[in-house]
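Since the structure comes first, as structure tokens, the remarks are kept for the end.
Note that the chains take the letters A, B, C, D, E and F in the order they are written out, and that residue 1 is the start of every chain.
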Amino acid sequence: MKIVAFGEIMMRLNPEGYGRFVQAERFEVSYAGGEANVAVSLANYGMDASFVTKLPDNPLGRSARDAVRRFGVDTGDVVWGGPRLGIYFVEKGASQRPSKVVYDRAGSSISLASRGDFDWPRILRGAKWFHFTGITPALGGELPAICLDALKCCRARKIAVSCDLNYRGKLWSRDEAGRTMAKFMPYVDVLIANESDAADMFGIVGGRSDVEKGRLDRDGYISVARQLAERFGIGKVAITLRTSLSATDNIWAGLLYADGKASFSPEYPVHIVDRVGGGDSFGGGLIYALATGRKAQSAIDFAVAASCLKHTIEHDFNLVTVDEVNALAAGDVSGRVQR
Amino acid sequence: MKIVAFGEIMMRLNPEGYGRFVQAERFEVSYAGGEANVAVSLANYGMDASFVTKLPDNPLGRSARDAVRRFGVDTGDVVWGGPRLGIYFVEKGASQRPSKVVYDRAGSSISLASRGDFDWPRILRGAKWFHFTGITPALGGELPAICLDALKCCRARKIAVSCDLNYRGKLWSRDEAGRTMAKFMPYVDVLIANESDAADMFGIVGGRSDVEKGRLDRDGYISVARQLAERFGIGKVAITLRTSLSATDNIWAGLLYADGKASFSPEYPVHIVDRVGGGDSFGGGLIYALATGRKAQSAIDFAVAASCLKHTIEHDFNLVTVDEVNALAAGDVSGRVQR
Amino acid sequence: MKIVAFGEIMMRLNPEGYGRFVQAERFEVSYAGGEANVAVSLANYGMDASFVTKLPDNPLGRSARDAVRRFGVDTGDVVWGGPRLGIYFVEKGASQRPSKVVYDRAGSSISLASRGDFDWPRILRGAKWFHFTGITPALGGELPAICLDALKCCRARKIAVSCDLNYRGKLWSRDEAGRTMAKFMPYVDVLIANESDAADMFGIVGGRSDVEKGRLDRDGYISVARQLAERFGIGKVAITLRTSLSATDNIWAGLLYADGKASFSPEYPVHIVDRVGGGDSFGGGLIYALATGRKAQSAIDFAVAASCLKHTIEHDFNLVTVDEVNALAAGDVSGRVQR
Amino acid sequence: MKIVAFGEIMMRLNPEGYGRFVQAERFEVSYAGGEANVAVSLANYGMDASFVTKLPDNPLGRSARDAVRRFGVDTGDVVWGGPRLGIYFVEKGASQRPSKVVYDRAGSSISLASRGDFDWPRILRGAKWFHFTGITPALGGELPAICLDALKCCRARKIAVSCDLNYRGKLWSRDEAGRTMAKFMPYVDVLIANESDAADMFGIVGGRSDVEKGRLDRDGYISVARQLAERFGIGKVAITLRTSLSATDNIWAGLLYADGKASFSPEYPVHIVDRVGGGDSFGGGLIYALATGRKAQSAIDFAVAASCLKHTIEHDFNLVTVDEVNALAAGDVSGRVQR
Amino acid sequence: MKIVAFGEIMMRLNPEGYGRFVQAERFEVSYAGGEANVAVSLANYGMDASFVTKLPDNPLGRSARDAVRRFGVDTGDVVWGGPRLGIYFVEKGASQRPSKVVYDRAGSSISLASRGDFDWPRILRGAKWFHFTGITPALGGELPAICLDALKCCRARKIAVSCDLNYRGKLWSRDEAGRTMAKFMPYVDVLIANESDAADMFGIVGGRSDVEKGRLDRDGYISVARQLAERFGIGKVAITLRTSLSATDNIWAGLLYADGKASFSPEYPVHIVDRVGGGDSFGGGLIYALATGRKAQSAIDFAVAASCLKHTIEHDFNLVTVDEVNALAAGDVSGRVQR
Amino acid sequence: MKIVAFGEIMMRLNPEGYGRFVQAERFEVSYAGGEANVAVSLANYGMDASFVTKLPDNPLGRSARDAVRRFGVDTGDVVWGGPRLGIYFVEKGASQRPSKVVYDRAGSSISLASRGDFDWPRILRGAKWFHFTGITPALGGELPAICLDALKCCRARKIAVSCDLNYRGKLWSRDEAGRTMAKFMPYVDVLIANESDAADMFGIVGGRSDVEKGRLDRDGYISVARQLAERFGIGKVAITLRTSLSATDNIWAGLLYADGKASFSPEYPVHIVDRVGGGDSFGGGLIYALATGRKAQSAIDFAVAASCLKHTIEHDFNLVTVDEVNALAAGDVSGRVQR
């Protein structure tokens, strides 16, 4: 099944191990972005994933393209041009020291793209699913309009649409984000959010409580999902639930609200190798599960198991197979050596 | 005291850190094998350990030889020839993601060895102890016969024999393993098994329960050890007890059944650096303890403390000293800096 | 505010990751020492820190100088000469395996320094604070006399003095340490000790109990601090409280006894990246907090939060900002990614 | 233009820098093979290259697939199955010390492939060019027959065929190679050989002289090319001309014999970074040049410039663009920094 | 002697060894820029060098500051603010493959600086020398005006001024460069250019010939220097002379035209480790030599020997001592081991 | 044949690649020393080599022991004790920048050894050859006496003695060296020197000329060898001949003066990977060749070919086989890939 993801891919640079930026004599180089990460997950699961973006026609842009192509993502519709590749720097935290992300994405080729760059009817030919996140319109310029072009084309061709809200306070204000994203919601079939996106973008909070002390009661999360579903008429709303005990240890879970009913995944205590890209791997797992016809409980279980595994993998891409996710979702949490 | 270990040594290749195979631009190179690991442990403890195998006469075979020679193991009886060195690839797991081992050992020089390659009376001259594992006969070809040749030579010279069952389902079936190993058992003085080997090879399970949910009650393990001891008339049977909470955290312990009495070690919660070779380091510790005349409780305490430490050391070899093991066995689990 | 720290800086060599010395094909190279570590902390916090030592005039000595200069420490008063730079080797422990430090510092340039090398009135011109540790006089030779020279100069100029007892059994005996350090105590305004220094150097133990099983009751620690304060007439005594669960996991806290009243910090469970330099980072945090006028509770909270963060940073230097320490001291222990 | 390359791809392992095998604690991991290298060259030049092989369905096989997919090679026709991925070890020489290659390719999945594995009419649908080397049939088993199947299918569909003789004395004897390759020659349109292949496989040597002292006169090489062209009726014969001054410095050139006329490239003195894959990069450049309609002189110039650049690139793949090759072929040998 | 250098410092990222961008899994991280490189040279030679720039107040900006502070450069006058740190990517060439530099410096904090950011009378207090290059005004915005502010302040205070033309075609056109730089020339006491800058910026070429085939005759270079000196009334004009045999081997020399007389340095055949920063190290050597009163021949000899050594050092900074430069300038080119 | 080498082994630390000390964040760790290097050469050639020294009983001392044991050298006669392991730091030069060695060997365990530490009659039992260098007595203390003890024991047992003069100006004066070494010469059968040792230690220079401009005429070298042979009555005198074109390129050759006749080896132009240990590898090759009965020309050819190869190998040990040396000595200098 052909699935198209649209957004920015950046160069990711991080010191080795737990080094701080100021100590770094070397950076690990990888390439990632919210939608690219989802595309790689889907290709790893055997789907016909395509990633669409605009990249500078230089060795760095080509390296970003190669990074997703390596895992089987179709990059034939990448648009070439513009001045630069966005970059972000990641410093891995540990224990009480938080991870840090420094973005250097302003003026990237995709952020300066124009509506004419993307011929959506051609790009979406044969596609069954379209995925984007709130980061893409947040890049500004013509991107909100470009996203709307894509969504309208999806509607016309009955292509399913998933969206991860992914609010980024450094890119736009809550007001601007809320106004823009609200225009997209009518086109969205599957909405993904973390525990604070709904509050940040739409002012939606759980019934009695809010995101206080890092843990919301289950009813509160169901309430958030229901409000999102009802306000925008969205069929399926998924929320990731992260309890951050420290930079090293998190508890990870999720819920899927579908057809008026909430399904919760098990909770996984994760000892973190690399947490960046965790949310995207949830999206990748959920899209795969829903696109292949899984029921709600099975879908949320797959998505959370997939993203649980991501936390054990370096860099953003979730390099796991369907079999590996299924094994964890089936309950084997022992981590025993497989010979 | 001269101790001879016989088996395969392979090249071990693993990505750095927690990298997956598909991400690896570099592999760490080491050389290891069940019996070689034991020989290195013994040499580190100051014993006169000799390792016997067959290696290809090329730079890779010589590198494998050097790897054990570096730690003081005598390699003068290695046989040179045959086509290739076996290889195995290790991917280190974390949290819910299991470690993976991919073997590429078919057609190795040792697996194609012939009975004429090993002149046991010469090799075992002066030896007091002989060690092998179930992996060696599992390699097939003439190896079961070669093992039997060695065992008969040991019997004739009153050389003590230890055997680690080490069942490998990828190398032979349970039936074949059970039939072959049963022939060797009459020659064995010290038998080592993990929590599932006895069931896999001989159908021996604990009284009431079996290996369900990763934890067996103590009585069940005693029952397994007693059955092994009684069925084959073996004086000492040791069982390693691993509770796998995750790929990162295990609980590690062991029991030694000797003279009709079971001695349990303390349980160690281990935060894992490298788990591969853990069982072999238990064997190395146990042989050292028994060969130097320790009583059962002291022996199992030493063996489990030694192998607890192995989990904190990269690659298969257990590079610790007798003093370090004694300190842990004496109860210092605090890990305080030693200046 | 100008603060002068005086002591030895060494080359620190450690295998990468959890490698043992015998496995190391590479050592990470850094430069550190008890007082240099404090100076770097203070410069990171924006203070005008100066580090005084004697270094050999060769590329290694210059590299040591550059290592602290990089972080803004003034090195203009370093004395050049003597035969060699001290070295210490660190092997990082894990779980039940302790970290190991092997010192190779005998005969270093600073240990052979003479009183004439240091023109204290010039060096301390404009300084408001002087810091040293018990390691400096322990180096022997003329260093006890040199320290006394400095302390007298401080007294004459009303420069505040802090001292970290830092008993090192490999450098001097308890008797010699006690006798020498007792002579310095009358000059000290802020005294820092860990849970065993007071007992080792001055025979001071808690009221009822002593350092048994790694945990002392709070009253015992208060008693130790009070005895130190009263015996030597010291205004402020700080004690670091480490519970070593394993080489990987510690609980970290501290108390400050000032004006007859003890203030305890919160306890932090730390998952350790690098524990060496932890005590020095406590000293750096405490001096900063007191020198900038914080009250006792705020000061001990800052010092412990600062040193908690140090445990997550490779090598000895505590490369954190005031803002980062404040954020943790204010209670954010979640380690959430900061974008 | 669609071009299909068929052959083995292996894991390549080499010590970092100039390390010898016995010193290596790490191996660099890449994936390469004579035909895969050509396919990557062609994809880099913008052609629609497809690589066909058989790979084990395990993480190592998938990593090999990803390695060529990363650079845009179509891997959709890879056959999955069989026991293992072939491996080769490379030790980089320097000055008077030669580079060493140790092959461990016996029993690889492709070497055990059967004729039924490859549905040539489907694989070659739409193809305009087919490339293989003498290594593929040398792997034995059904591979000579599989190659013949492919060649007959090419003939039927008027697909151009290029072949690099690539004699490997460790894989087959001169006799066997000569007999087998002679059967393929009638199907070949472009034949590539190095200075000794023609002698090894077909006993063809230059007019007066032979490969003595590393340098043949130009007439001798023309004679070899003419004999190959005339004996087998091949339109174009290319010969690479390497003068090995040392492992570090070579002189590199080539000739193309077409339509009875020999065109020589310039000679390049190359300071070598990695010499392995040099011949394949010549093949890739020649195929690109001929397939895009270049004349003989331009084609040999492009092929030799491309492969000259390969000697400066780590690992087998020639990661250069058409523009870079053109710039060198146009005569800019200065290596000036391009800003 | 206090010397102030003003310009941009960037993060430099390069693949390890001879890796191409597309292969890089790691980048080496350093920080450099034309004027910062000169400042580090001068501090290494024992001068009181200060570097002035504008940096973003984030960990990357601070790391850039620390990189020069490490070598003793005063960074107290750095201005903090603005959006980002400029970045450039370097790919090291070899043999016929040129090195590549990809700049990503648009929108850096310094390029957006305003005249009000730099209080030149305060910054230049006590300075004897000011250095900048043609890159700084090429960054655009208010930088030409800021440079002029600085130059006028120098004139008023009789501060010597050196300028390296450093034409960068990617930053500005020849016309714009020529017009802007011409305005600065009346303030310049020492002008530095490479073999093409004078032609690019001012249309000045050698008497008979131009920069053809990479080698100009000596008379031509003298003519260029004389024209520069006479047109702008500059006392001393230095020209670097590079013959690029390949990316690996260059011939390096220089001339100094002073008081109507040209002094040529010896020619050094250099086997290149890292060529980037070579020109800046020439400037650093020349300024040191002239500022310490050397005569013309001695000055050009020192400058060329210093920059010859730079070609053997990784990254941009020329980390050599005066003694090392003197030794080479005195004629010891043998490279014998110094024990 | 059993050969005993006696001397110091140190830890060698060097920055990776061409890094300067001040840049180094990592050091490569190896262990080496003049006589240990010879012992490793001999073990690699299949001889029964034993290395005798005194090492501290700590992990660093044991690592040094393991480093030679790895290559098959017998370390059973190492004496354990004393305070520390000597260290030396190596910075690799390039082109005009010389390599630098910084020694930190004062106070090492071997330098403080006493005559009672070495029971020469036991150590030399069964030995046929004894090797030492001028460095060992230069360490001072009782070492000259210990060397004499060993030499007398050799004389008594008719053990052949080789000595490499290896003058180290940092360890002793020319006078002291000359007086001490002169006492040993009567016991020496094979004397090895480089082009300056004879002048430094014994004031012996070539007939007409001296070591001027790095090249001596052949007659001069023959004269030096003859004088050494005649003054001390030594049967065989070998001299290494190095022409240092730069730190990267040397010309390497040697002569053996035996029975009044001088045999010169070919000259090898070497492109250097690591030059340290080059002289020792010459000694190793020469001893092997003479001990196995080669004639003078064959012996000097083998010794020079062996040490030519050493220059291409990282670190001090010459890790080559007899076959590899023979191949080069037979004239294959092409460095062609061996598959």
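Odds and ends about this structure:
Quick note on the criterion: contacts are C-beta pairs under 8 Å (C-beta built on N, C-alpha and C of every residue); 3 or more make two chains touch, one makes a residue touch a chain.
Fair warning: this is a prediction, and the values are worked out from it, not measured in the lab.
The chain with its C-alpha centre at the largest distance from the centre of subunit C is D.
The greatest centre-to-centre distance from subunit E, using averaged C-alpha positions, is reached by B.
Homomeric contact subunit C/subunit E is classed as same-residue, with over half of its interface positions used by both copies. For this pair, subunit D with subunit F, the centres built from the Cα atoms lie 44 Å apart.
Taking each chain's centre as the mean of its C-alpha atoms, subunit A lies 62 Å from subunit F.
Our note on geometry: subunit B versus subunit F, Cα centroid distance of 42 Å, whole angstroms.
Residue positions 17, 20, 22, 25, 66, 100 of subunit A each touch two or more of the other chains. Of all residues in subunit F, only 17-20, 22-23, 93-101, 103, 168-170, 214, 244-249, 275-276 touch subunit E in the complex they form. Residues of subunit C touching subunit A in their complex: 17, 268-273, 308-309, 311-315, 319-320, 324, 328, 333-339.
The residues of subunit D lying in touch with subunit B in their complex are 13, 16, 20-22, 24-30, 58-60, 62-63, 66, 83-85, 87, 89, 91, 100, 102, 104, 106-107. Only residues 66-67, 69-72 of subunit F touch subunit B when the two sit together in their complex.
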